[in-house]
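For clarity, chains are labelled A, B, C and D in written order, and residue numbers in each chain start from 1.
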Amino acid sequence: MMILKRFFFSLVVLYLVAPLVIITGVSLNAQKRLFFPPQGLSLRWYFEFFSQAEWYLPALRSLSIAGLAALIAMSIALPLAYTVWRYDIKLARMLYFLGLAPFALPPVITALGALALWIVLQSFGKPYTVVLSHAAFLVTLPLATISLGLQSMNAESIEAATTLGADNSTVFRTIVFPYIRPYMMAGFVFAFVLSLNEYIIAFMVAGFTVETLPIKIFNSLRYGYTPVMASVSVIFFLLATLLFGLIGKFGDLPKLLGADSSSD
Amino acid sequence: MPNLIIQAISKRFGQTVALEDVSLTLPEAKLICFLGPSGCGKTTLLRLIAGLEQASSGKIFLGETELSAIAAHKRNIGMVFQSFALFPHLNVANNIAYGLKIRGVDKLTRLKRAEELLELVQLSGLGKRHISQLSGGQRQRIAMARALALEPDLFLLDEPLSALDAKLREAMQVELKLLQQRLGITTIVVTHDQQEAMTMADVIVVMGENRVQQIGAPLEIYHKPKNRFVADFIGSNNFIPALVKDTQSVSALGSIFEIALPKSLKVGAQVALSIRPEKLQLYSSEPPKSSKLAGTIKFIRDLGSTVETFVEVAGHELSVKGIQHLATGDKVWLSFDPADAVILEV
Amino acid sequence: MMILKRFFFSLVVLYLVAPLVIITGVSLNAQKRLFFPPQGLSLRWYFEFFSQAEWYLPALRSLSIAGLAALIAMSIALPLAYTVWRYDIKLARMLYFLGLAPFALPPVITALGALALWIVLQSFGKPYTVVLSHAAFLVTLPLATISLGLQSMNAESIEAATTLGADNSTVFRTIVFPYIRPYMMAGFVFAFVLSLNEYIIAFMVAGFTVETLPIKIFNSLRYGYTPVMASVSVIFFLLATLLFGLIGKFGDLPKLLGADSSSD
Amino acid sequence: MPNLIIQAISKRFGQTVALEDVSLTLPEAKLICFLGPSGCGKTTLLRLIAGLEQASSGKIFLGETELSAIAAHKRNIGMVFQSFALFPHLNVANNIAYGLKIRGVDKLTRLKRAEELLELVQLSGLGKRHISQLSGGQRQRIAMARALALEPDLFLLDEPLSALDAKLREAMQVELKLLQQRLGITTIVVTHDQQEAMTMADVIVVMGENRVQQIGAPLEIYHKPKNRFVADFIGSNNFIPALVKDTQSVSALGSIFEIALPKSLKVGAQVALSIRPEKLQLYSSEPPKSSKLAGTIKFIRDLGSTVETFVEVAGHELSVKGIQHLATGDKVWLSFDPADAVILEV
């Protein structure tokens, strides 16, 4: 039993950690080669990332785009999820599944669709098109987490607050908001991290004018591999881990992912 | 505090009828139980009174005030929910004082009132506890305290004890009854448990099939059920198919029984003679009585405190309760006092 | 209520269908331009896809890779999921969450990791590396669906079969397999469709030797947009829809996605 | 069919003890109930007999055969699970004939046997139905038919009636008992419902705290509980703190009662005098009896069929069952026959 458990955990860890270990190893090479294990240890590629504008500018650009897109997605998702939940609880359950929508369509289709739309609107290539495309693409994530939060809330506590004299806005302020806050945070972080790593839509919509970090990595692939790419990946991964760690601290991550909290 | 008057209330959810033309006048300062099987509409009626549902037609009055014209959050009703519905992000005292806080009452007064109510429900000193630290019975009491904090005109409880285990439930029934008597506030308890209703209620409203079946004092409903639904739902009962012979007697299972009949019944009508298991006497030899039936014992259920004997009489199985010393297969006689039998239309 | 419902459904439909409508429109253009609405209706870009080897060969290549990768993923997932479930039901619940793993790491990291691994193994650029990379990347999907199926199975029915005289292999053949078949199919289709649309890993691992369809689309982007890309996307989308439709017919899709079947 | 012998069985799950040194000899061809609160280990013991769990230590024999040395699928035991565990992809007849099919019995024989069993459980003609088309009661019967199809040596049922509603459950208790008597197969039913156990069992094994607390006939256990756990779990009971005066009497609540005491008790020992509510008599004036207590009525619970009166005697609340016509607040006297009281160690 214990042996099986350990074997299984090793497998999972290996599966999730192997690419990371390799990438981290590669990023520490002293030479401009993708050796693994690294030949000679050095942090020069990290230093290069933080010192050269051709690397850190795309990174800052990606961060701003992700932040804005996630904020817009959340501002749309919150009132929508709450309204639907208040008036039709069955419909609200569907919102949760909508969280899968970004993964249901092939990314190429979504990207081509967005591209064609912006061409029609004569905004092709404008920086804000990436933000709006990402916000629209990722809006289902906060929609899903917030709906999940509302669903797991005891609907009777809203009625209890009503019988105690609270009108609709007081109910939202004093009962609903404190409850769904961690779910909102989770939705924001999901959208943020996915936007940060998104390549295809950003490339198609404004790839020639707005160079985000994933686009920069791909563009520089044409001139050969460099360990800076690996060091960038490591930095971005650490950032995502930090953010998810914060969610894990403030909310119950398995519950946010839809696990039944009543089990075991 | 005035009477609660329910006037011709109907409620539909889409195509489903939940309540059909319910009219009731409920006395003030009493403990009233809405009793019925699940799906009978009893919870819907309670929620209509609280304003958590809107009636499809009909009105509700509290004395002269038309309650059904007032928004739920302005009705001044205290309600205890089946899940208790405590606010998980507030501690015990803040849960109790929630209603006071949103009315802008200052913190000191709020805490004082919370402490008073904790005393009322015998949980003094628990104000700082987190909700997750409470047992089921404690949550139940906190939910009551919160509902009573604003001194409501009506105190409504939706299956308040169903989440508790059997022994605690029985103790809480007595406690809730005594609390209601002390406060003198009109209280409505929804329950599907007839023992709970019999234990607590001054008045029971028996509901079934989305209508009110009977309203009355517990023992009145037990001993004088108005129809077969009530006779079957409250306690156990034997139903014997019978035929009206004349205005004074019926024939059933080959015997004639002299029983006072409702005047509405015609001679020759099919009726059911209902008699409680504890009202049947069992004899091992033929008794010198006029109303008697001969049968055979099919099964004995001896629970120690009571013995239930199943007797087959002319192909019909009757249940008899009471201590006796007989065995399966014995030939026996049954008799009963005609005054204990109730004739019901079928 | 009804109005809200209709409004909400329109929104969802719009959200999911809009890119499709745009793509389909673009693919019907008579001119080699990305006009929407299309200017002049024509099926010439579909015809071009099926007649020109530079388009239909990558498509066939993508289909073979996806089929093989999904088959390998399933062959690994089935015994693993069943063994874990038989001996540790709590561990099995974790397998379900593992289904999210492919989306947990930024795709660039996974791709760079796989690339470095194949370089180390001196197999960089070999066609089978794409199949194996996809199989490893997507194995969590059949693992998740099969675990989900096993979890939703009443464990007592296995014990019932045992008391009725069935040994382990008979239990699997007569009770477990008939029950999890739709979940296996679902896992296969998920892996197949995701492999079909996967771009970054395939590109990094063997992009210069094995041209899959998504790579072909991106490569041809360099020479400007052509409506063939749109027609390809439409064809692939129809294929995915057909496959998911089959799952929907043979299994309960919301249940496969983890919805509680006892609700409403 | 030989006796089932359980020899010094213990079972641990990790750090948790589920069963602690259980030894039992269970008679053949009887209906035996394992009765106890949830978590007492009763289901674990049943699963050990079925071979679905392995004991940490101890052995199980069926007559001369060491059952615990045989793999579960070779034990020839019929088991009914709490969830019924019917196979959803097979129809009713194929569910019943599953055991025959994997033994390679031909189709015609299988279907004939399935039809015989459907007749046995009074569901003839339902063989082609899909499992999802069955009611809860029908599923229960099909689960029994499937378990009996192979003519097992032991018939085990794990809370078989807990998924059914109250009225159906009572009817099925009688039916299951009659079925067992007709087939004469050794049957073990796990239940937490003491009424169910009292109704069906020839022998009750009361379990609690991972041990066997008492084994005996239902009425023996009701009237002569061996310890406080059994006295409290089976039926309701009053426990009065008492002090051993001498070998023949105890003092309790200020009175002296002459009662036969177990010899093991020393003079001066603290004990509990337990007396069933229905064994207490209530008087409105002082009765001419030697064993009596004076008190005040605190609460009356009149359920129609029985009346339970709570009487406070010297700060201690006692429950009395029986018809009487008194009111809350009345001064009353209680008495009982010392032969009905049981002295228990505390």
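In this section, a contact is a pair of C-beta atoms (placed from the backbone, for glycine too) under 8 Å apart; a residue touches a chain by one contact, two chains touch by 3 or more.
Nothing here was measured: the structure is a model prediction, and the numbers come from that model.
Mean C-alpha positions place chain A and chain B at a centre distance of 54 Å.
As a whole-number value, the distance joining the C-alpha centres of chain B and chain C reads 56 Å.
Chain geometry summary: the mean Cα position of chain A and that of chain C are 20 Å apart.
The set of chain B residues that touch two or more partner chains is empty. Residue numbers of chain C whose C-beta contacts span two or more other chains: none are found. Judged by the touch criterion defined above, the protein chains form a single closed ring in which each chain touches exactly two others.
Pairwise chain contacts present here: A-B, A-C, B-D, C-D [touch as defined].
Residue ranges on chain A touching chain B, taken from their complex, read 154, 156-157, 159-167, 170, 174-175, 178-179.
Those residues of chain C that touch chain A in the shared complex are 1, 4-5, 8, 12, 15-16, 18-20, 22-23, 25-26, 34, 36, 83-84, 87-88, 90-91, 93-94, 97-98, 100-101, 103-110, 112-117, 119-120, 136, 140, 193, 196-197, 199-200, 204, 214, 217, 221, 229-230, 233, 236-237, 240, 254, 257-260, 263-264.
The residues of chain B lying in touch with chain D in their complex are 173-174, 177-178, 195, 198-199, 218-219, 222-223, 234-236, 276-278, 299, 301-306, 310, 321. Every residue of chain B that touches chain A in the complex is listed here, in rising order: 50-52, 71-79, 81-83, 85-89, 98-99, 102-103, 146-147, 149-150.
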